[in-house]
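So that you can tell them apart, the chains are marked A, B and C in the order they are listed, and the count of residues begins at 1 in each.
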Amino acid sequence: MTTRVVRGTLASRVFAVVAITAVVVLAFLPSWGSISLQRKMVELLTLMALAVMWNLLAGFAGVVSVGQQAFVGLGAYSMIAFVNVHHQNLYWSVLFSALVAAVLSIPIGLIAFRLRGSYFAIGTWVLAEAVSLIVILQKSLGAGNGVSLNIKGHALATRQDNSYWFALIVGVGAVLVTYLVLRSRLGLQMQAIRDSEDGARGLGANVYRTRFLVWMLAAFWTGLAGATYYLQQLRVQPAGTGGAFSVVQWTAPIIFIVVIGGIGTIEGPVIGAVLYYVLRERFKDHQTVYFISMGIIAIAVALLLQGGIWGTIRRRLGADLFPVRRRLVQRQD
Amino acid sequence: MVWTNAIIQGILLGGLYALFATGLSLSFGVMRLVNLAHGDLAIFAAFMTLSISTSLKINPLVALLIVLPAAFVVGYLLQLVIFDRVVGVDPAFQIVATFGLGIVIQNALLEKYTADTRGLNIGRLKTSTIKVNDTIGIGWLPLFTFITAVVVLGSLALFLKRTKLGRAFRATSDDPDAARLMGIDIKRVFAVAMALAIATVALAGVLFGARSSFDPFVGPARLIYAFEAVIIGGLGSLWGTLAGGVTLGVAQAAGRQINPQWGELFGHFVFLAVLVFRPTGMFGKVQSR
Amino acid sequence: MTESLLLLDKVDVGYGDFQALFGIDLHVAEAETVSIIGANGAGKSTLLKAIVGLVQPMRGEIVYEGVSIAHTPAHKRVAQGIALVPEGRRIFDSLTVEENIVIGGDVGRPGPWTKQRVLEAFPLLTRLLNRSGEGLSGGERQTLAIARALMSNPRLLLLDEVSLGLAPIVVRQVYEAVPIIKAQGTTVLIVEQDVNQALAVADRFYCLLEGRISLSGTPGDVSKEQITEAYFGMSRRSH
């Protein structure tokens, strides 16, 4: 009889085949789907990426931020600065913008990490407000009124297709990155910290450093998703409906998606994002009531069904589509 | 002289911030709960006051006689029905539940009252000022607000220090399980603490609505100022909260005096500076957690 | 046998997936002093927590004064006459010593213990009355914790590891309180790691081993070997 450590399950292997097929089909969407579907998919995929990253932070690293809109806004406005002010290449600018978000997440994190738990959450919110106010002071970035991305010299169809592919990479990539992080040493430390912060510390895990690295990674990816979203939207404004720094525009849906889908699972935010987006389109004419309902559902899940949709399914079926946990299997030889 | 006036206005505004912060300080102190819907509940109270005062044709300040007891009951029930389930669990769920509540309140107000800005008409009190000289004028309403804040904080401090229930509050804050061993019903203590928190923030919301215009989405900013006041003043100290509110008010007024766009930003900078250089705040005993 | 003041019938207690106590049968008669001994992690503190209601039993029955209290909330059991001096003293640091004493009597039964009576029994507290709980020494904290518990005039007093972390001389002072308490007719249930101390004051004892009762009896009737075996779960030949 031998014992070996495995991660995969039959369900996870079947799922891998289905998922890869789906991504391939989606990659060719510009050749079979309508422009309007393509635009919608950009929105869905970027929202999904944001939710997946928030889940990595809140659900796995125990860092609950309500200030992620800071990095959406930094991504969007850095892109504007690179393209409009410094005349850089449109697509490289998207990547640079994500780097700017990651770099600025260092000073922001150094301050916010002085607070813990719920106070950390409001602290990130205050910092996001401060960042937004500083951006509003920049006249070259349109101040409080907003600004349009300069797309002179880019054909409409190419730009649309490129935005879509960016969004596909950002969305699918977010899931893959989460998966890889959780399988890495960093992921093991995160899980140890989640089980017992003091215990993990005793085993030599640097809780602060682990959390900070995840915080920077999430800032990078959030900035990337923000820039990609506005690469398609073109018009960026700081606050109000559609505002890049708006907590209602970004952080509220992200939290609803993650909590309803299943916090602390890889699959949850993906399911949550699709569900949230499809229902939002369905109830387009009743946005306010839709938001109220989502809020009530999120509260109910937080109080009564803390695993969300996927957490509940997983408990019932015992299935893991993304095998992160190692299992010991004994085999008779 | 312009500066003296700005600072006086800042101090008076700070009283309002302290009133917003009182409930946050109290609910954190007693049960380590941070209610992200705190500001939205204040604005909810302002809208309720608006409806009551228009339908009964009474002064909004008189409508407080209905609104404050109602807010007390709402706070009591909120704690029993919603917040009790997220006390002492993973903070993520506390944040989600209270944040979700805030979003629900904002959108419910939007549905009922539209996004138009409103104001509470309290009559002459709003416009009358005490003229000290040509540049310095003290408005009766800001003064009244400041005095109200001091009275509320003072009564609360007395309540905590002198009454049996106040003693139970402090014991529960120190060690909830040991408090239960003293026969204290901590769920009731939590509910009364939340009731007081919501009643004080409702009062703050109404005084805010009497002074400035409001719409369904101004709640989060009230939460943020309240939070800054608590941290600047230091956790676990009611008088610290007053000092924190005043510091924030003065910082904002000073910023605004330099450039109208810098008011809020200056407030945030003072808050960040406190976090970086003195995380326990001005009067705090405990680290911000 | 006289009727039991407290009776536990096949009580199981656990936290989540972890079960700490298995099928505990135990009884305490009025005015008796009973000790519960056992190694670290044997479930002694959990047993006391179940009796005062800080944890709920998964199965089994807890009967006090002839009535089931298994589902009575902790704060109501105080009014019924059960008081616990918790492990680690757990004095309220932001209350003064006087407030710490008085708060113990806020809920409770009428009886011999008043603030004045408590201060007579523990004179060292008199000069500390206006100090805050925060600055007290270990022995002062323990004395205060006992005084605080007595203020509710308990019929059943539970003492959890009162000697833990105290210097031997302080332990002796603390244990001098036990006869004073017994003199009022109070029933005392003591959890103690220090076996000698626990058996010296007890009329009867129970020994816990890994969540189960491994031995019970009167201190005089059992041999040292029997206790050692029940305590450690194996035969150890002492020489």
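The rule is simple: a residue touches a chain if its C-beta (ideal position, glycine included) is under 8 Å from a C-beta of that chain, and two chains touch if they have at least 3 such contacts.
No experiment lies behind these values; they were computed from the predicted model shown.
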Third chains touching both chain C and chain B: none
Most centrally placed chain, judged by C-alpha centres: B
Label of the chain whose CA centroid is most distant from the centroid of chain A: C
Rounded Å distance, chain B centre to chain C centre (Cα mean): 44
Inter-chain centre distance, chain A versus chain B - centres from mean C-alpha coordinates, in Å: 32
Chain A and chain C: spacing of chain centres that average the CA atoms, whole Å: 52
Complex contacts: residues of chain B adjacent to chain A: 32-34, 36, 82, 85-86, 90-97, 99-101, 103-104, 106-108, 110-111, 217, 220, 223-224, 227-228, 231, 261, 264-265, 268-269, 271-272, 275-276, 279, 288-289
Complex contacts: residues of chain C adjacent to chain B: 52-54, 73-76, 78-79, 83-84, 86, 90-95, 99, 102-104, 106-108, 148-149, 152
Complex contact set, residues of chain A against chain B: 58-59, 62, 64, 66, 111, 114-119, 121-123, 125-127, 129-130, 133-134, 136-137, 247-248, 252, 255-256, 259, 263, 288-289, 291-292, 294-296, 298-299, 301-304, 306
In the complex, chain B residues that touch chain C: 164, 167-168, 170-171, 173-175, 177-186
